[in-house]
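Here the structure comes first, spelled out in structure tokens, and everything after it is commentary.
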Amino acid sequence: MERTLKVIADNLDLMASGLAITLVISLIVIVAGTVIGILGGVGLLFGPRWLRAILRAYVDILRGTPLLVQMFLIFYVLPEVGVEINGFQAVCVALSLFAGAHISEIVRGAVSAVPKGQFDAGRSLGLTFAPLMRNVVLPQALPTALPPWTNTAIEMVKATSLAYLLSVSDLLFRTQNIVERTGVAMPFYITAAIIYILVNAALSRFGLWLERRTRYAT
Amino acid sequence: MFDLDWSIVARYREEIVSGLLLALRLTFSSFAIGAVLGLLIAFARVSGKRWLSGPAAFYVETIRNVPLLLLLLIFYFGMPMFAYRSLPEWLADLIVFDGVGSVIVAFSLYYATYLSEVFRAGILSVGNRYLDAGRALGLGRIGIARYITLPIMFRTVLPSLTNTLISLFKDTSIAMAIAVPELTFAARKMSTDTFKVFEAWITVGAIYLVVSWIIAVVMRWIERRIKWAV
Amino acid sequence: MVDRSPNAGASRRHLLGRGAALGVAGVAAGMAGAPLAARAQAEGGKLKEILDRGKLVVGTGSTNPPWHYEDENGALIGFDLDMAAYLARGLFGLDDAALDNPEELAKHLEIVTEASDARIPNLTSGKVDIVCQFMTVTPARALEVEFTIPYYREAVALLLPAGAEVTSAAELTGKAAKIAILENSFAEDLVHQGVADAEVSTFDSVANSILALDSGRVDATAIDLSTAQFKTAQSPDKYKVSSDSWSPQTYSFAVAPGDQRWLNWVNTCLHELMVGVDFAYYQKAFKNRFGVDLPPPPAGFPVEFM
């Protein structure tokens, strides 16, 4: 037991460096996915016909295939067409596109739940499309969108673990290498699990905090 | 551009077909076990008994926040390393599963948390008047669950069940990490053996897409067949 | 892990992109068009350039024990680094105290960490003086760079549990053994060359292929001999290396083509390191990284002609 504790203590900084990568990827993916999702969701509802068709295909294809397959596709195929991409970049791109597809659908749903009258009211005030979205529609869609958005964010934190399959030294990669090197398995796996649980607990708190804040906004 | 050579798909037909069949087997086995567990957890959480609902909630909140890939590595690599060192051999033999078994255990335990949430929402959506009617008929707790709550909620939860089933099917792709030869494993083999990366990944991606779509269509058909209204 | 595809070095990526041809053409053009002054400098060549600079610039990796990897303190160590330090010692007359002092050594030895696919570009662009990065010699690569004499002969061997009854791939044959290996184009062939009837499990990382052995999922892991030796040196109570190995390949250093003086100097160094005046240094590094005691080369008639 004492020996095991020492092995864990010796390797904590390695796990911390893995956690740092996991957090960086999560942050990039959640931010990029949210931006894509807002544009995609609004485009799905109000875009011209051709744009709606493209976005619908994007959302359905990314939601209908495994994230892992998308990740490998990006990682292996882009270099074939002359785009050099490393594992870290491939993970960020794949996860962002995937998160974007899910958040598009969330935004679409939330925006279509905003009462029709609000659009008319905005237009009668002389608002053009962009200000109407920014100042009237999206703020009202926010409370509906936030709970599923938080869920998606948590799913993405967990999904960053796939980075390990492209040899990106995230938390899971570090954990697995430590397990292999030290021959101590369960204590490290459980430590990693607790770290993921804590990160996601923090994220879900953040989501609740956002929900409370936005409730006053409407 | 590069030369496309779709003939590799024919060359790897056997791997692809057996990979898909294995993926489906993993999906339905895990879903069945996960659904039973999920149902038990859901009833535990709405039971109103702390000693039941507390552990059930704890289980859901922990397992659901851990990456599925980590769970898989725990059951495939961690379990035997721990069990054969610290437990009597007969017990170790009992809790250590092969590759396919590890996938089914990890996936069932993980998806039980999602399914329990689906079922819990379903149970809570069953109106009090139905439960009162059950009590009036003299049914006990289990009788009400069996004859009233379950059938009524089944229809409400079907769309969510479909989504979860499709997610599970897509997630079986990570089983390749422990050398289980499912569909994504076949794709990687194709792509590393032949360097035809585009053909390999597009083909397999398309298969996932089509099968997900078929699952959705079949489930919607079942939904429509269920006539009893709520 | 080593790239074992038959056209390693001229990988598909290279053939499709800016690959071999460009690199070689660039160098040729540079030589032909060089003005006289630069030509004189070129005759002084790399060796003079390094001596004037007071520092050797070596390209290597950082993630492949025991060749080049980070220790617990994040310092880069490994067999390739031992070899690089030896070259710096020869160039700048450093003593053993200087070799053991990282700060002192860093004054004369600059390490550029690079991915495997950057080895050739970094040489041809002059970013590094030499590559010491377990580089497999192939005819295709020899068109792009110049290889030194070998410093290690790699092969595929089996990593076995220390308590296993079998001691070799030959003994494991005919027992329907399960063998793990890193996924690559020739994974199954590679295993079957050693154990014809093995059931092969392919994993996405070396770590996982070894963990499969640790967790009793397989009877053996097929792996580079050097890695097997390294793992066994680290945990002799856990592993042993099969007595046989197969699928050999040669590891050499590489330098940019066209500078015979520099290449000769490195070759002389390596030669004396392995069978000459500095054999003790090589022997110690070999023991350190691979856990194997090397016997000294036979004396008298030179081993090279036997």
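Chains here go by letter, A, B and C, matching the order in which they are written, and residues are numbered from 1 within each.
One rule holds for everything that comes next: contacts are C-beta pairs under 8 Å (C-beta built on N, C-alpha and C of every residue); 3 or more make two chains touch, one makes a residue touch a chain.
For clarity, every value in this text was computed on a predicted model and none was experimentally measured.
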*With chains as vertices and touches as edges, which is it: line, ring, star, complete or other?*
complete
*Report the chain whose mean Cα position is at the greatest distance from that of chain C.*
B
_Chain centroid nearest the full-protein CA centroid_ = A
*Comparison of A-B and A-C (more C-beta pairs in contact)*: A-B
*Between chain B and chain C, what is the separation of their C-alpha centroids in Å?*
45
*Let me have the rounded angstrom distance from the C-alpha centre of chain A over to the C-alpha centre of chain C, please.*
40
_Inter-chain centre distance, chain A versus chain B - centres from mean C-alpha coordinates, in Å_ = 22
_chain A: positions in contact with at least two other chains_ = 80, 165, 176, 179, 183, 185
*Interface hub residues of chain C, defined as touching at least two other chains*: 12, 16, 204, 208, 211, 214-215
*asked:* Can you pull out the residues of chain B that are in contact with at least two other chains?
replied: 2, 77-78, 81, 176-177, 188
*What residues of chain B sit close enough to touch chain C in their complex?*
2, 76-81, 84, 99, 176-179, 188-189, 192-193, 195
*How about chain A: which of its residues touch chain B in the complex?*
61, 64-70, 72-73, 76-77, 80-81, 154, 158-162, 164-165, 172, 175-176, 179, 183, 185-186, 189, 192-193, 196-197, 200-201
*chain B residues touching chain A - in the complex, by the definition given at the top*: 1-2, 61-62, 65-70, 73-74, 77-78, 81-82, 166, 170-171, 173-174, 176-177, 184, 187-188, 191, 197-198, 201-202, 204-205, 208-209, 212-213
*Complex interface listing, chain A residues touching chain C*: 10, 79-80, 82, 165, 167, 176-177, 179-181, 183, 185
*Taking the complex as given, what residues does chain C use to touch chain B?*
12, 16, 180, 183-185, 201-204, 208, 211-212, 214-217
